[in-house]
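Let me give you the structure first, and then I'll get to my questions.
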Amino acid sequence: MIQEGTAQSPVSPALTRSMLRTLGLVATLSGLLVVLSYRITLPIIEENKRLAIERALFKVIPGAISRQDFMITDRGIELAQSDLQGTALYAGYGQDGRLKGVALEAAAAGYQDVIRILYGYDPYCQCIRGIEVLKMAETPGIGDKIAKDPVFQENFTALEARANATGDGLERAIVLVKQGEKSEAWQIDAISGATISSKAIARMLNDSAQRYVPLIQNNLAVMEPAS
Amino acid sequence: MPGRPEQHEPVTLDTFLRGLWEENPVFVMLLGMCPVLAVTNSAINALAMGLASTFVLVASNSLVSLLRHYIPKQVRIATYIIIIATFVTMVDYAIQAISLDLYNALGAFIQLIVVNCMILGRAEAYASKQPLGATVVNGLGIGAGFTLALLSLGVVREVLGSGSLFGVSLFGENFQPWVVMILPPGGFFVLGTWLLIFAAFRLRKQRRTELGEVAQHER
Amino acid sequence: MSELRITTDLRSSPHLKQMVSVPQIMRNVVYALLPVCAWSVYAFGISVLLLLITTTLTCMLSEALFCRLSGKASSISDGSIAITGLLLALTLPPGFPLWMAAVAAFVAVGLGKALFGGLGYNVMNPALVGRAFVQAAFPVAITTWSPPFLPGRFSEVIPSTLTAPFMKPVPIGEWIEQRTVDGFSGATPLALQKFEQIITPWPDLLTGTIAGSAGETSALIILLGGIYLAVRRMLDWRLPVGVMLGAVIVSLPLWLLDASRYPDPLFVLLSGGLMLGAVFMATDMVASPVTPLGVWIYALFIGMLTVVIRLFGGLTEGVMYAILLGNAISPLISLVTQPKIFGEGRKP
């Protein structure tokens, strides 16, 4: 460009006009296309996201067929509204409209990166009914068994998480034991060879349950439909 | 800029085929390595990324070609980037609408198509000088070459790393997957091997033609 | 011979002062390695013998193949490739499937050596490159251990050894249970320390009555081999000493600080592959620095990094990655530790 001399010469008004015209035209066209495609895809994307959440939700709360979103705030548990700050809590309801369980997100550091899960809690049996891994970067073939291994998933069909009498935690903490040594309802059988990933799951479940289970038990009336 | 004579090349089969082999963006020009290494851990991811890039390449280069007489050269890069970013955003929405799983698997690499130098390079070197027809054909060829390269990595990595192809299990339950192949280092290993093979081919061809010339000379 | 010229060009490593040839050095390293191999076969049985044969043969065949492809004279006869094969086998678990061992050997020669230009040009220790590859590719198989001194180890192979190519290793848990009385857990001393805070007593570590990679279990025999090589001046004594010193420098203060959490330095030295790495791996002549000061920096770096990985990383053993990283920075170390040329003062 320099050898053509444009760099030295002052920009002529005609050139400025042509630059403005072109950039304006292209930007308008671009905005039009983006808005158009956003408009077309928005309902489909929303539907996809809803389906993804519900697929995970109905997996961790067996028997649930509909959902209602709540929020854990400083004041307790409230219906989710866009201006509320707090932790999301999904309630799942069964065929008869009764509360089947609630689902919460939990997270802890795994072997490579933070593992995020959704777990379902049944307030009537006071136990964890299922977990679904939402995000992880565990080693394929070893750590990622936490998501798929049927023997490991078996741990979470009825994992005890009972609120204690004083209402500030669990009666018995959720603990990890070596593979094949689970003998109590509040124990999790580790995956042999994937101790760190298993430990992360146990830790995040214990931390989250210690904090929220008493709260959920105290606020059941909010979520149970009046009948 | 108006008034400059353009040297149009005739649109032939070669306009398309060049992108597949001679000017293959991955194996020859080594452009756009970021998605090549990052999202080729399965054939389906590779195919989706290849098609998305091809769409952006063809669509944005067509627009560049149509507007080529009206874009002052002082702002051409900015204009190209806006055009490319527009189509990338559209592809981004489209993939979200088609499949959230695919969207999550491809991650940030869809948005990163914007900075794929293969696309900007084509706009600058080809679309800004050629009419629409030639640009579309050439873009399709380059896109096909890119998709082919991604697929050739994705297929090898998925077969070795998961024992399946397009999600279909190939070798049964007892196959031992080579975990490293679906991890990032596997991308480097497989790309390196492909480059090695292509380099060996080219070297051989070159040597053969040289030998042929020498033989002719001696005769 | 081009190898000979390279060795005499180097400056200050003591073992290179004499006019020893590559085959001569390699022969002596093999002598030092043979007792380690023999002990390993004695402790783990014919599975290890098969492993040793597989890796050595595959290494030789791959070397021949790559030499042919690159049009070079075959360098099998100098013995360096046999050492790569033997070392590789010694770093693998005793029941490692043979087909995976063959993959490791092929990668070791191809990626670790041939791609860089063959003997004398490898950036990293080829055997460890091969092991690192299978560690990343088959993380389960490479952490499946079997106990030493099983009855009948000379008449039957560990089931996983003969796994069909490309198939998952045959599970060996039950097979081991039938043969051991006290319920062997399959854990190495390092894993026991890391996950269960059980420290294996040092006499066991010294004599090798523990689980682990085929050649790493007996620290004593490895040390004897190292002393032999050092006395014959085939190995720079600074290297193994520096690696061990580096390990002690990190582990001693930690142990003094909190003996319940951190293992004692003796355990750190004798457990895992530290000895094997210090004596036979870190000492790879091509991939280690050439200046005396550089050798010290390199060796201390490896020793310290090993302990850091072991104690603070997710892995139980860190020797392999520590040495590979040491190899990677060794050209840089050589560069910054160049001695001043006599007569050249500081720049004014």
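Order of writing sets the chain letters: A, B and C. Residues in each chain are counted from 1.
Assume a contact is a pair of C-beta atoms (placed from the backbone, for glycine too) under 8 Å apart; a residue touches a chain by one contact, two chains touch by 3 or more.
Since this is a predicted model, take the numbers as computed values, not measurements.
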| item | value |
| --- | --- |
| Touch-network distance, chain B to chain C, counted in steps | 1 |
| Chains linked by the largest number of contacting C-beta pairs | A-B |
| Maximum centroid distance from chain A, chain identifier (CA atoms) | C |
| Whole-Å gap between the CA centroids of chain B and chain C | 41 |
| Distance from chain B to chain A - Cα centre to Cα centre, in angstrom | 35 |
| Between chain C and chain A, distance of the C-alpha-averaged centres to the nearest whole Å | 44 |
| Chain B residues counted as touching two or more neighbouring chains | 179, 183 |
| Multi-partner residues of chain C (at least 2 other chains) | 139 |
| For chain A, residues contacting two or more additional chains | 139, 141-142 |
| Sites on chain C touched by chain B in the complex | 100, 111, 133, 136-139, 141, 163, 166-169 |
| Interfacial residue positions of chain A with respect to chain B in the complex | 1, 6, 11, 15, 18-19, 21-23, 25-27, 29-30, 33-34, 37-38, 40-41, 44-45, 48-49, 52, 139-142 |
| Touching residues on chain C, where the partner in the complex is chain A | 139-140, 143, 195, 314 |
| Chain B residues touching chain A - in the complex, by the definition given at the top | 63, 67, 70-75, 78-79, 82-83, 85-87, 89-90, 93-94, 96-97, 99-100, 161-162, 177, 179, 182-183 |
| Parts of chain B lying in touch with chain C, wherever the complex brings them together | 171, 174-176, 178-181, 183, 185, 189 |
